[in-house]
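What follows is a pair of complexes built around chain A, which joins chain B in one and chain C in the other.
For the complex of A and B:
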């Protein structure tokens, strides 16, 4: 038997409180920090092609821009294939409709240096925002040596960006860049928990004997799996609205899925063996393989293969995300906060395991043990299905709904975990308290086994 | 368990891991040459959008057809007929994965398309080269 009702030390409480503060800070920042301005869309409203050239009316849609107060100038640029230099052309007749919409005209000669032009809007406060290849000069002819007059002087008086603390605007990712603080720490927390489990399994094999080491390994895997499943679900949602598919046949994604399956296999394996000593050892050996597979599949392999997932061909951990400093001051605290919460959940799961084991043992003494309804290993939150209206819904507001979806998945997943575990813990405590004192081991008994390590199960030892 | 056993076990596990990484590290995307040598057979082709050609999409003619040109990793450029409405942000995509087959008419018929996102999350102003 092992003590299951050890009081939490002040230091641990302080660390947990610190973790909660970090998490609160990270979640608040994730949602409150504005996204930097960017361009969402460039449409050609009207075009007129004559012998002299083409005149095009462009409608530019911004995201988080301030067109009505920034006095924007618009220019377009094309790459000259011959010398790689860019030809710059200023747009005229800029008409601002509101903060995020403006119209302008560009006039091009019949022969242009390139067909595809990037569109730039410069304004006070917002600085320069752009849309690569946003405008295609239909109806004209491309010739590298076109001799087009270059409005390069428009570049000499660009207004500087003067923005509050913000997250960087990335094409295609847009608002969903906030998911970095939600999706990525799920995997970091899982690595940590699986690492704890790996260390405990090593101790089981090296030192043997003490069933509490096995319990620690199981508790860590159970919590780690929960984070892994949340990582998969949030990643899937994010992928759908950025890459275009719920799931992609990709080394990083398949690696993550296989890893989660391998650890689910760990729980299945343990559940299928009745003999405690055998179960302990087999599970520990399996766990060694599981952890090394995790390292290979999630950390090593994706570096060598092509992948849609960021971190490809580099280190898929901290440094690979060439992170903006604004993201870094939120991302790092978020990772530490989630990790502290993860270890807290591990402590709760371990308490459940210990209490279950103690009740089991107490009942065995009396011979009145019977199977109790066990806690389900984990529940999968249902995944949303694809539909026509979903498309418009999730693309709205620079993909902000994707961030909300991810936050809801994580929030719901963790709430379910805590509700289930706290309820289970209360239930087990009441069962324990209801046990007749003859069945319950004395306080001294509990204490003795908790402090002195059990002997090695090696048969050569007495 | 003896220390030597444990070391041996870890060695076996890491060798298994290396084996797995070896067999899966071969990339599955092909170039246009492979796809066009074998028309009608499904392949995955990765590459980048060619800006010198237009992205053609007309919702009034066909809502499920987008035409553009893709340059694969070997530098071959082919016309692509994507059986989808024009994906948002196609023009500014970093790289593109296409799933589909080559046709006898000379274009690549894509049934599915995935866009790679920027993987470096820092301020990206797309400023002109001459500015720097």
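For the complex of A and C:
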């Protein structure tokens, strides 16, 4: 028997409070920090191709921009198809419709250095916002030596950005960049918990003897699996409105799915063995095998292959290019906060496991053992989402509803977890208290957590 | 090494003593290929051919490793425990499984070729494809050996091996299928070396892990 009602020490309470503060800060920042301005769309309204060249009328849609007050200038730039040298060209006849819409004209000669042009809008306050490859010069011809004059002087008097603290604008991702603080920490927390489980399984094999190590391993896996499933659901929702599909065939996604499957397999394996000693050891062996392979599969292999997912195959997530400092000051506290919450949940799950084991043992003594309804390891609300209205809703407002959806999934998932576990804990406590005191082990017995050393520890000898 | 080879020879002798064991596996492979042949009616397109080849190999492999072993009998297990070093045993068992799976891979490839044609493979690419199948058999054999032994110890057979094994071998399957895909679409053999390297690394990694972890399974509780 092991003590299940150990009081939480002050230091642990302080750490948890600190974690909650970090989480509150991170969630508040996630939703309150504004998104920087950016370009949402560039449309070619009209084009006129003559022998001289082409004239294009562009309509530029911004998001969070202030065109009507910023006196914007527009220019386009292309990299020479041969040597990559940039050519800049100013747009003319800029007509501002409102804060987020403007129209302008671009005149190009018949021969251009490249077909694909990036569009830039510079204005007071907003600074320079861009849309990569936003404009394709249909009907012209791309040659390395085009002789197109470079309008370098456009770049000499650009207006500076003057913006409050904001998250960077990324085309296509837009507002949903906030999901970085919600979706990514799920996986970080899962890795931490699986790492705890790995360490405990290692101890089961190296030291053996103490069933509490096994309970720690399984409690960590159960909580970690919960985070993994939340990570999958939130990632799926995010993917739907950035990549266009609920699931794509991608090494990183496959790895994540395999992780969840392997740990579900771990629970199945445990369920199929009755004998506790054997279960402890087989589960530990499988856990080590699974975890080490996963490190290879999730952290090594995807880096060598192409992937849509940031952080993999030439698609960096943590370089200065991608993760800017405004995101960092929210992201790192968020990760630490979620990890502290994860370990807290692990402590609760461990308490449930211990109490269950103690009650089981007391009942065995009592001789009136009977099965009790166990909670299913994971129970998640199914996502039934279809239809064109939803489509429009989630695309609305710079994909902000995607962030809300992700937050709701995580909030609901964690709430369900806490409600189930606290209820379970209360239920177990009442069962424990109802046991006749003669059957209940004494305090001294609870303290003496049996640490019998392994009999045949020297296993390498034949 | 001497002990390992002795055990390996012993396992083969035991295998050959019951003739229905290997013949049953071969029959399973042939019957699956034949069923696919009946379903697709003639020559499938190369992508389907590729997918079929690996899926058939995969299922045959699961069959190959999760058969009952003589050690399932407690008295045999008790005897082996007192006489055999677990690492020798594990290496011998892995060699045994890899040999069976490599043979099955070649058989699957041969029957696929016979009934369904070789898709677009010929010459060096065909050789590379069969080599890839053999290497996949090596990786599958090393990974599935430990899992099938876990399942055997748990007293559950094929079903548990599949549940535990399928997620873990998914990466092997992904590398293999993309290797097959490359070869079918005419990528030159030298450019597929990275896939072979990955398969080799996976086989080596899971083999090492299996050997390191197996002694913990071997112990009497």
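What we mean here is this: the second predicted complex is superposed on the first by the 382 of 462 C-alpha atoms of A that agree within 3 Å, B and C clash if a C-alpha of one lies under 4 Å from a C-alpha of the other, contacts with A are read in each partner's own complex, and residues count from 1 in each chain.
Keep in mind that, in the parts below, a residue touches a chain if its C-beta (ideal position, glycine included) is under 8 Å from a C-beta of that chain, and two chains touch if they have at least 3 such contacts.
Remember, predicted model here, so these are calculated numbers, not experimental data.
J.: Of the two partner chains, chain B (first) and chain C (second), which one does A:127 touch, if any: first, second, both, or neither?
T.: first
J.: Output check: A:275 vs chain B and chain C. Expected answer is one of first, second, both, neither. What do you get?
T.: In the superposition, A:275 touches chain C alone.
J.: With the two structures laid over each other on chain A, which partner does A:265 touch: chain B (first), chain C (second), both, or neither?
T.: Only chain C is touched by A:265; chain B is not.
J.: Just checking: does A:414 make contact with chain B only, chain C only, both, or neither of them? Give me first, second, both or neither.
T.: neither
J.: Spot which of chain B and chain C makes contact with more residues of chain A, would you?
T.: B
J.: Go through the superposed model and pick first if A:173 touches only chain B, second if only chain C, both, or neither.
T.: After superposition on chain A, A:173 lies in contact with chain B alone.
J.: So, A:286: does it touch chain B (first), chain C (second), both, or neither?
T.: Only chain C; A:286 stays clear of chain B.
J.: Based on the superposed arrangement, let me know which partner A:297 touches: chain B (first), chain C (second), both, or neither?
T.: In the superposition, A:297 contacts both chain B and chain C.
J.: One more residue to check, A:205. First (chain B), second (chain C), both or neither?
T.: In the superposed model, A:205 contacts both chain B and chain C.
J.: Once the two structures are superposed, pull the chain A residues common to the chain B and chain C interfaces.
T.: Dual-contact residues (chain A): 205, 251, 281, 285, 288-289, 292-293, 296-297, 301, 304.
J.: Enumerate the contact residues on chain C facing chain A in the complex.
T.: Spelled out, the residues of chain C in touch with chain A are 83-88, 143, 146-147, 150, 153-156, 160, 163-164, 166-168, 170-171, 174, 194, 198, 202, 205-206, 209-210, 213, 215-221.
J.: For the complex, which residues does chain B have touching chain A?
T.: 1, 3, 5-6, 9-10, 13-14, 16-18, 20-21, 24-25, 27-29, 46, 49, 51-55, 87-89, 91-93, 97, 112-131
J.: Can you check the complex and tell me which residues of chain A touch chain C?
T.: 205, 251, 254-255, 258, 261-262, 265, 268-269, 272-273, 275, 277-278, 281-282, 284-286, 288-290, 292-293, 296-297, 301, 304, 456, 459-460, 462
J.: Taking the complex as given, what residues does chain A use to touch chain B?
T.: It is residues 36, 77, 79, 81, 84-86, 88, 114-116, 118, 120, 127-134, 136, 138, 142, 152, 155, 168-173, 177, 180, 202, 205-206, 208, 242-245, 248-249, 251, 281, 285, 288-289, 292-293, 295-297, 300-301, 304-306, 308, 310-312, 320-324, 327, 395 of chain A that touch chain B.
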